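Read from first to last, the chains carry the letters A, B and C; within each, the first residue is number 1.
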Amino acid sequence: MTPVPFVMQLLNALAAMLLLLSFAMLAQRRVVTLVDLFALQGAVLCAATLLLAWRTGETNLYISAALTLALKVIVLPRLLHRLIRRLGVYWDTDPLLNIPGTMLVGLMIVVFAFGLAQPISALASTATRSAVGIAVAVILLAFLTMITRRKAMSQVVGFLSMENGLFFGAMSATYGMPMVVELGVALDVLVAMLVLGVFFFQIREQFDSLDLEELEARKEER
Amino acid sequence: MDFLFVIGTPLAGALALIWLGAHRVAPVANVLFSLVTFAAACVLSVHVIAVGNLTFLHEQFFIDPLNVFLVALTALVGLTTSLFSRPYMRIEAEHRRVTPARLRLYHSMYQLFIATMLVALTTNNMGLMWVAMEAATLSTVLLVTLYQTPASLEAGWKYFILCGVGIAQALFGTILLYIAAEKVLGSQGVSALLWTHLDAVRHQLEPRVLSIAFVFLLVGYGTKAGLVPLHSWLPDAHAEGPTPISAVLSGLLLNVAIYAVVRCKVLVEGSLRSAWPSEMLMGFGLLSVVFASFCIWRQRDIKRLFAYSSIEHMGIIAFAFGMGGPVANFAALLHMTVHSLTKSAIFFAAGHAAQKSGSQSIDKIRGLVTISPTVGWGLMLGSLAILGLPPFGVFASEFLILTTAMRDHPWATPILLLAFGVAFAGIFARVQPMVFGDTTAKRLPHSPALIPVFVHLGIVLMLGLFIPPYLAHWYRAAARLIGGG
Amino acid sequence: MRSLHWFTQVLEVAAALAAAPLFHGWVNQCRAWLQNRSAPPLLQTYRGIRKLFYKDAVIAERASPLFRIAPYVVFATMLTAAAIIPSMGTRLPFSSSADAIALVGLFATARVFLALAAMDIGTAFGTLGARREMMVGFLAEPALLMVVFVASLISMTTSLPAISERLATQALTLSPSLAFTAVAFTMVLLAENGRIPIDNPATHLELTMIHEAMMLEYSARHLALMELAAALKLFNYACIGFALFIPWGTAMGGGGPGALLAAVPILGAKLAVAGAALAVIETVSAKLRVFRAPEFLATAFLFAVLGLLVH
């Protein structure tokens, strides 16, 4: 066993926390807690970025850490909390699959993700073995969260968490994308949230709820 | 300079139209901005023909034969759609389906949408391409929900989530591409995501990573292009949004998404030196063609009907690019052009038809020739064109694709022919009564301005009979660039 | 050296037998303090067991021999397990005969006998308890095995003393996988020993009890053995936890009598802390409905697998 530098150990630990938070989000039924977990995930991501920035001395990474902090830890969760309060959606109805079942599917997904990440992490520039696998797993778990939820709000949080996974993947494998791209992605996410905010109010006006079942119920009539 | 005008005009237009709001001149301004964009695109095309490939802004943008004709096409359809939307949206406003505030959003987002597509087409940076594609989705989400009906909200939500998830997969693909590229091009350079640089070193890229990347990219951009089984947002978004938006979604956005897939395919195939990306593209294409042509039979909404037809044609294009080689690529590019023109023309006509009858339901639209001959004949001719009847251009491109398929992949020919037949019967059986059926309604006093429809159909007809030499030259150069086969 | 190893072995078994009821009593005392009750004396468990040994055994009329044998089997299994687990020293002559997976098997054997004996009489409570016990076991065992696998994967061996030695001597690293498995192990420990989120050892409430329901028909020396076995099981689990996650302080391979001498108070300290921690966990968490137990154990399994994956 070759000794791994302490920074990398810390990074691994943070990566593991990201994965754990993804599972927590998968299991969480309260929308408010879901948003908090998302904010926490953002914070962990930010810490990991900072750590990597400190280690490599790349200014790019400092900027993206700042972006993460501003966008995913502060702005988006506050925006979501405000939306939740204004719209009054606190609980998700029963998910499509019961929680232990979802967890088992999630586990299988993680195994698959690690398999998928093998050739990628062989090529990745950072030394962390499992980071890329964890990134893929976070993406796929977020995807699963989106599939198993009925409330629009939970789906959106899942969507944002997927973005976290993507970001972590880019960061751990290549020390981040070129700055232009990263700024562009951040801008898109922010705009997406604004569009969604408008969208939610429109849905609310029409249906008096944010339950996607109503949307589906309509479909049957057609 | 001409390039900056191409990108800058619609962006400036988006800002100006926010400011103009629901002012009387807003629709005219919309047309003017589109006109300037189109003029700039024409100048740019002439420039490129004269000089060859160009790069701009530190190589972040570039123009080559493959994207220049798409830029010109996008600008053209953007212009004609803005012409169509002026009277169309005025009537919608008179019917109180849209408020002035929504009209402001509509005009501004329309220009923004055109701008994002032009950026996606001309950017050299695969990451920026992703950003532009996502921005194109975002700018149209609120346009799909413009009418605020429950159905349009459902369509908008589906569009947002499915395309959002799809495009997230594409981002992951892009990241993987970057990981592979960084090894070859070095991380310090900003060049690691520039397509021209990637293309130069594509044989050195790590094949295993690139093959995973391609799966994600294909799924991501394929969602956007409406390839089956990732298509389910497309009919809803087309049916529930305002007609001009359906026209540009179908005529332009799908093209841009296919363009992105093709760019990726070129890189991946160069790295893998095997044909499986092509085979995947062919598989998705064939599946889309067959599935969509059978779905056509179940449609009762005129815009959904033609939305499924768009899925079918995207399948044909994907299949043709999958086959690769000079002829198939040529045919696919031609098909992109003629489909884009024909389908937007059909949506214009269908929009008017639905407006006149007060419903999008096929059963309620009857006897268009009696009510308004221009709309009726426009819809009929457009449908005949899209169904691949000679002498329209669609016939030429489909014929080329079929003959190539017969030569290279004989097993696919009967499937394609069957799907064409099913689609033909399905669409014709629905359009015929709409146009010639009995109606009690009287003929409308004034005929709508349908110049865009006939301009589009005229070009399509011309392309069926004779392809101008410079256009053929473009197509060939672009087909060479894509290679494969 | 050999004689020292044998001495360690004997000392460990004796210590387990002696300290298990003490540990049990300590946990109870801590719980009482935390819940603002006046605590029972530390030696209460010994007294209870001694009293039971003096009584005459009453056995149901239709009890089969299995019912009589079960307490001895269960007790013997637990004692054997104690001999394998390196609580004070890692060079145990017994441990070469059984590795960590066999240990899980030993616990399973005890469980099967316990459940069979509970069903033997045919009373409603016994059957109910046995069924619940088997359900919990069926879910907890994979999780426990996963925990063992993670540790084996890190140290490349399945022998518990070897794992412990390897983990104690490697450079101190921040290992998320061990952290995950530690959480998983704690959850398994709670479930397997009838502790609070799953079962409450201090109640005989018919709707919720698991372990106690199986013991209802036992009396006198049989009951004493069963209770002693239960205390031993808790002690064993705690010692497995020490061996995997805080292995420092046990007498390693090369250590002489001095190391062994030092290991005794260290083990005592670890037990004291662990007992207090256990009491805290039990006090702050609420008992889950029986139907939620699978969820709890699925989470434990999840943690263990995550530990395996991020390794």
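As a convention for this text, contacts are C-beta pairs under 8 Å (C-beta built on N, C-alpha and C of every residue); 3 or more make two chains touch, one makes a residue touch a chain.
Nothing here was measured: the structure is a model prediction, and the numbers come from that model.
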Exercise for review: Take each protein chain as a node, join two nodes whenever their chains touch, and name the resulting shape: line, ring, star, complete or other.
Suggested key: line
Study note, to complete from the structure: Heading the list of chain pairs by contact pairs is A-B
**Study point:** Distance between the centres, which are taken as Cα means, of chain B and chain A, whole angstrom
**Key:** 31
Practice item. Averaging only over C-alpha atoms, locate the centres of chain B and chain C and give their separation in whole Å. Key: 66
Review point. Chain A to chain C: how many Å between their CA centres?
Key: 39
Point to revise | Complex contacts: residues of chain B adjacent to chain A | key: 60, 125, 127-128, 130-131, 134-135, 138, 141-142, 145, 148-151, 153-154, 156-157, 160-161, 164-165, 168, 171-172, 174-176, 178-180, 182-183, 187, 190, 192-193, 206, 208-209, 212
**Study point:** Residue ranges of chain A in contact with chain C within the complex
**Key:** 1, 3-4, 6, 9-10, 12-13, 15-17, 19-20, 23, 27, 99-100, 103-104, 106-107, 110-111, 114, 130, 133-134
Review point. Can you list the residues on chain A that touch chain B in the complex?
Key: 116, 119-120, 123-125, 136, 139, 143, 146, 152, 155, 159, 162-163, 166, 169-170, 173-175, 177-178, 180-181, 184-185, 187-188, 191-192, 195-196, 198-199, 202-203, 205-207, 212, 215, 218-219, 222
Point to revise | Residues on chain C engaged by chain A in the complex (per definition of touch) | key: 170-171, 173-177, 179-180, 294-295, 298-299, 302, 305-306, 309-311
